[in-house]
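Note that the chains are named A, B and C in the order they appear, and that numbering of residues resets to 1 at the start of each chain.
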Amino acid sequence: MSKTRPGRFFEDYRVGEVIAHSVPRTVTDGDRALYRALYPTRFALWSSDEFARACGLARSPLEDLAAFHVVFGKTVPDISLNAVANLGYAEARFLLPVWPGDTLTTTSEVIGLKENSSGKTGVVWVRSTGRNQDGEAVMSFCRWVMVRKRDVGAPAPETVVPDLAASIGAKDLVVPAGLDFTGYDFALAGEPWRCGDYEIGERIDHVDRVTIEEAEHMMATRLWQNTAKVHFDVTAREDGRRLIYGGHVISLGRALSFNGLANAQIVAGINAGSHVAPCHAGDTISAWSEVLDRTKIDAPGVGALRVRTVAVKAGTEKPEDGALTLRGDDGKYLPGVLLDLDYWVLAPC
Amino acid sequence: MSKTRPGRFFEDYRVGEVIAHSVPRTVTDGDRALYRALYPTRFALWSSDEFARACGLARSPLEDLAAFHVVFGKTVPDISLNAVANLGYAEARFLLPVWPGDTLTTTSEVIGLKENSSGKTGVVWVRSTGRNQDGEAVMSFCRWVMVRKRDVGAPAPETVVPDLAASIGAKDLVVPAGLDFTGYDFALAGEPWRCGDYEIGERIDHVDRVTIEEAEHMMATRLWQNTAKVHFDVTAREDGRRLIYGGHVISLGRALSFNGLANAQIVAGINAGSHVAPCHAGDTISAWSEVLDRTKIDAPGVGALRVRTVAVKAGTEKPEDGALTLRGDDGKYLPGVLLDLDYWVLAPC
Amino acid sequence: MSKTRPGRFFEDYRVGEVIAHSVPRTVTDGDRALYRALYPTRFALWSSDEFARACGLARSPLEDLAAFHVVFGKTVPDISLNAVANLGYAEARFLLPVWPGDTLTTTSEVIGLKENSSGKTGVVWVRSTGRNQDGEAVMSFCRWVMVRKRDVGAPAPETVVPDLAASIGAKDLVVPAGLDFTGYDFALAGEPWRCGDYEIGERIDHVDRVTIEEAEHMMATRLWQNTAKVHFDVTAREDGRRLIYGGHVISLGRALSFNGLANAQIVAGINAGSHVAPCHAGDTISAWSEVLDRTKIDAPGVGALRVRTVAVKAGTEKPEDGALTLRGDDGKYLPGVLLDLDYWVLAPC
């Protein structure tokens, strides 16, 4: 019998099944340093233990998206190793800070299945939960992927499409215990803007750009123990190119958003995310954001902004009116759009 | 007088001489994070402090091969700076875990010398020992290298060829104090296989592949403070290419072996290792393993597998029968074989 | 109103103004590991906690130039984002060790302004001070940059050119509290040379070379949270090439200087520094040094060497006499010279 894990195929999933993913992972200050070397992140709460303490936390936790990537990475061997496409995210909520020294594990519940009309693939919906060494949930999120069938003759399962929220209600956002922005130091944080300074509908050009290298995205993706072959192996795809892990683009977009959203300190939830087009080494990435909503939060001095951050590949032809447009007249994403991420951030209000 | 160290030449070695290598090195969680970013390692004992504790250790040590590279790196300025070739390893035994915070130093005893018939080079055998800050030996290994003579007219030394064991006896393997696999969690570790599930002669295709980048192997090799010019300097070799440190390929092969050998948690010894062919950035590496032996070990729940792991460069023409073959009919390594590593691992039995 | 910070232009500076730079930064052992992966540094005091303790320190601090890069990086958004050129450094003094766990902030005082005759740019002199979480100054340095005017019609400020010392007096160098080289272990450090073994005027070829990769200099520059676009974005410059952060070349030159200056453990001050020519990925860098001065220091066993380290790009045509020459007969830097750094190091005497 083969000792090698082939990964699961569409017919291997059952709605209601809970999959305990392998290889727990202890996170450390080493991961924080690497996150900083790999992404141009400058949010003060993650950069400085002192700033975090001034905001009521014990020290600076592991950056929220770094924790997300670790929890996500655990799911790959069981969920997306044979995936054709990562179709979307929903209902991602950050529930507890992850501290250096914490050990993370992930479980996923299969919450939906739908065979495609081709009969060769199907969509699998899962809700994944990351837990620390005390068994406390630190985050949960839904994602759905298109997975190959091992045997095209296998019977289609009963179709179950989960009812996922289009966005997380602000009242369902979890604020880290103790967070207090009443003494927030805007000068140290880098920008003077409070939640109330952002208008709904406002668009922000984050200006900065990064040209991506192969070594960088592979180091990041390995750090998260994400094992999907396409990220590492030029022989894995017909085009002979490595496909960059979508989460790498998420972290780049978020980091670039500092310039204009410097006070958007904490990602509290992800409402939706689409990897609109593939990203490759050599691409130069910029980002812009649109403010979708803003609200107060039941924590001292804390508000929430709902933001869409769009990562764009430079050098792509754009319409005349140019700036910060997501879709063309036909309703389709414009050429060059790589990522459309709709999420909630906590900021001083 | 020149202040720059030229490195030693063949006539500078004396059998019995002990060389204390310079630059002690403290290892930290930062090194662990980088090891994870540079190699796709997922063995649970090194990934999780909690998993290590459940196996009877105080926490997760520095990964064994990372410790090996640090100890090895110390020897380069004195042993292999003027080496033409790194000919082999033998009798490598891991004696104590290396913990974050430990400071490592290395000494090498010259145990053999043999001038080559050309009169231009000779073979130097050394036994190197890594020690922690308490002077305890954490590992020892023999290696032999071909070194240039400074002066081809220098007289040949008396030939001394050490008597090195073809393999380490299982009873000579050292098990970390407290190691106990009786409560081993196979689900968390990622695979269900115990030592007894592997047949002697069984071959395992580890499936995953990694395409190597220059930045990665240089960062790794610098991390180990290995100063050999050929790894960093395109002007150092006639072909204008950087040669990848053989240990980088060892760590890649070992990390890739997770898929099929996930429970081979600890490298306890290296019986033999050959860098069969040079490796360069751009190469795509796969690995397969052959189980050479298996045995019980005098520690609760612990067994040992003797494994040969072979790292192979993708895209190389192979014989028709293809799979997992080391040598051709002529007894020579097949094209594409980069590494042939024969080692002992500890796994649950 | 735009939320994005455009950076300051020449007319935005006033002599005497103190700018508090944003985004405090906690440094950790993760940064130390990355510094080691990115530069071939081997100085024993930074490599080993045990060696540092034997020299009277509590443990090994963050490498001095790593601390410099962090403090420098803070200044970029306010000082050099719209800079045309980084013209020079002076009076850089390292005042206190930076320990893992320390949180650094930077302030800069504008000490000089001079509009250029073109009326399009001007020179801004600042004295920047890095402080730890207790408000103690850990270093201070002057630098001057050429900055664009936003509005060429803006009136020129009164010209103030600060009176900067050509070099720091040895008596103004600050020795870390407790530093004691009387029990210095030369064998562990890697070379036998004391201060007194170096002659003034002596030139040392450091022999080793490094070919630079894009991923490496970008990871380093991001680690220091240096946001200058030209380092990351191929669309930011007309030549479509990323310009390597000058500090990357400083750290490479310093690390390469180990071979011949292994006992130059601590950078105590930088007298002057010029980035003579741009550096790009693919360049192969070597370094040589000239001993400019030597002196005793009021600390047990400690002396100081004033050294010029020159980083050179390989493959550049050189004059016949070749070796270790800084300038041609015309007094201009020779082709291939990238960095001319004049600094003080502490070494055993």
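Side notes on the structure shown:
Criterion: contacts are C-beta pairs under 8 Å (C-beta built on N, C-alpha and C of every residue); 3 or more make two chains touch, one makes a residue touch a chain.
Values in this document were obtained by computation on a predicted structure and should not be read as measured data.
The minimum number of touch steps linking subunit B to subunit C comes to 1. In the Cα superposition of subunit A onto subunit C, the rotation angle, rounded to steps of 5, is 120 degrees.
At the interface between subunit A and subunit B, under half of the residue numbers involved are used by both copies, so each side presents largely different positions.
Averaged C-alpha coordinates put the centre of subunit A at 36 Å from the centre of subunit B. For subunit A, the set of residues touching two or more other chains reads 28-31, 33-34, 213-215.
Looking at the complex, you find that subunit A touches subunit C at residues 28-34, 36-40, 42, 44, 47-51, 60, 187-191, 193, 197-198, 202, 204-211, 213-216, 259-262, 284, 314-315.
Looking at the complex, you find that subunit A touches subunit B at residues 2-5, 20, 22-26, 28-31, 33-34, 77, 101, 103, 105, 133, 213-215, 218-220, 222-223, 225, 227, 229, 232-236, 242.
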